[in-house]
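Structure provided below as structure tokens; questions to follow.
Residue numbering begins at 1 within each chain, and the chains themselves are lettered A, B, C and D in the order written.
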Amino acid sequence: MKPVFSIPVRVYYEDTDAEGLVYYANYLKFAERARTEFLRAYHAPLEGLQDGERCAFVVRHAEIDYKNSAFLDNLLTVSCEVVELRTSSVVIKQEIKREDEVLCVLVITLVYININRHRPTRIPDNLRTLLA
Amino acid sequence: MKPVFSIPVRVYYEDTDAEGLVYYANYLKFAERARTEFLRAYHAPLEGLQDGERCAFVVRHAEIDYKNSAFLDNLLTVSCEVVELRTSSVVIKQEIKREDEVLCVLVITLVYININRHRPTRIPDNLRTLLA
Amino acid sequence: MKPVFSIPVRVYYEDTDAEGLVYYANYLKFAERARTEFLRAYHAPLEGLQDGERCAFVVRHAEIDYKNSAFLDNLLTVSCEVVELRTSSVVIKQEIKREDEVLCVLVITLVYININRHRPTRIPDNLRTLLA
Amino acid sequence: MKPVFSIPVRVYYEDTDAEGLVYYANYLKFAERARTEFLRAYHAPLEGLQDGERCAFVVRHAEIDYKNSAFLDNLLTVSCEVVELRTSSVVIKQEIKREDEVLCVLVITLVYININRHRPTRIPDNLRTLLA
């Protein structure tokens, strides 16, 4: 079984809010850091070029299940796993854990777009191979 | 037909990222501002007391459909509509628009919890009446 | 006496941290919103063109005096006043108040730069006239 | 010569803005992460107790010199050095570098306060020894 990619994330004051918990939007920042490091681990660039035009992944859909709260100074683990790969999009499942406890599950659909035209474009073969 | 509650939100540099668009997590900030103003418009406090213990809504689930991007300096409208009201939770649908164009749709499930015990608790009747 | 330009800013959960106060970096966001609205009030664009190249103000220096804390749900006033205008830079003094109480004073030095070359450039005359 | 404490910080999309640079307030987040890790390295807690009341450092003054910009995906180093230690406050100098290039210098004055009363209080001796 292929191990799931993950990174550690420390919770700082910037991530928390007046309830003493991690602010709900900030789990999406943690998730994006893990996706970035996932691409880096496979030597895939954040941006690509197609026929001379800049291309990159943008988030098209997100489903987030907040199961439990993270607190200041917690050391979290954020995973990143490709669960579906289509022509111009990819679905990634991410879990944010504190030790063995799952705090947050995110299912993120990313579309590969031409940035200037804001239109979906085919994920190039080398990037597709890395994600598969 | 009851009009849907909404607030205006201006996009500043803090909301954007290096792609030139609003960063995907920041739409959740805009949505939370609208939910806060929605409660304020109905004179509902952000936090309540039950048997002397602090209670507040926390986000339990979020589903976000990113249809189109917002840019620096855009003036957006963020709506807030109760679509389901249960004993200790409420489902709110929110649309983020630029003029008539829907950029982002969020369906947010909030649970009313006792903050110290991190346990769901009954939405009090006066708050329930306001939300209905 | 010329009145000082100011905008209202409401404190939301996103602005606070686990100490229950506004997070110290977020006062800089409030200040930048006021500077943006100040430029808008004088019909000055966020970005300009000089010889076909993009130009904008960037922060070169900031001095921030944190006198008192803002809390969740506070309604603040953020002012913006030009205190010095040079060839390619401008010094702006900003106060963040809760009613009559000054919470935070910022002195911000902005430099007008050519974005692509990251080099200071002369503030154009029309913009200079607006700021004076 | 005592080596200066520092941590690595990677720049993610969340840190950048529409100019393609790190947003000016976010350098303060990086600096606060380094201060937190500095305390951790010396086994000093983020919060203390004095006579049963919560105490913590809050920022009282910040002076920030923005010399050069950081970009998406840059790997930065953020240092943390005590330059002055007083009864209830400490002055910390921090440099944010990309390799050998200094991008940002921050001089931060922190005051040790009783959180509930929002009043300065004496830095306890064990914490003072660690900082010295």
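The definition used in the following text is that contacts are C-beta pairs under 8 Å (C-beta built on N, C-alpha and C of every residue); 3 or more make two chains touch, one makes a residue touch a chain.
Remember, predicted model here, so these are calculated numbers, not experimental data.
Decide which interface, C-D or A-C, involves more C-beta pairs in contact, and give its chain pair.
Most C-beta pairs in contact, of the two: C-D.
From the centre of chain C, which chain's CA centre is farthest?
When every chain centre is compared against chain C, the largest gap points to A.
From the C-alpha centre of chain A to that of chain C, how far is it in Å?
33
Using Cα averages as centroids, what's the distance between chain B and chain C in whole Å?
Going by mean C-alpha positions, chain B sits 28 Å from chain C.
So how far apart, in whole Å, are chain C and chain D when each is placed at the average of its C-alpha atoms?
Computed from C-alpha means, the inter-chain centre distance equals 23 Å.
Hey, what residues on chain B touch two or more of the other chains?
Within chain B, residues 13-14, 19-21, 25, 29, 32, 72 contact more than one other chain.
How about chain D: which of its residues touch chain A in the complex?
10, 12-14, 29, 32-33, 36, 46, 72-73
Which residues of chain A touch chain B in the complex?
Where chain A meets chain B, its residues are 19-21, 24-26, 28-29, 32, 56, 58-66, 68-69, 115, 118.
List the residues on chain C that touch chain A in their complex, please.
By the definition above, chain C touches chain A via 13-14, 16-21, 23, 25, 71-72.
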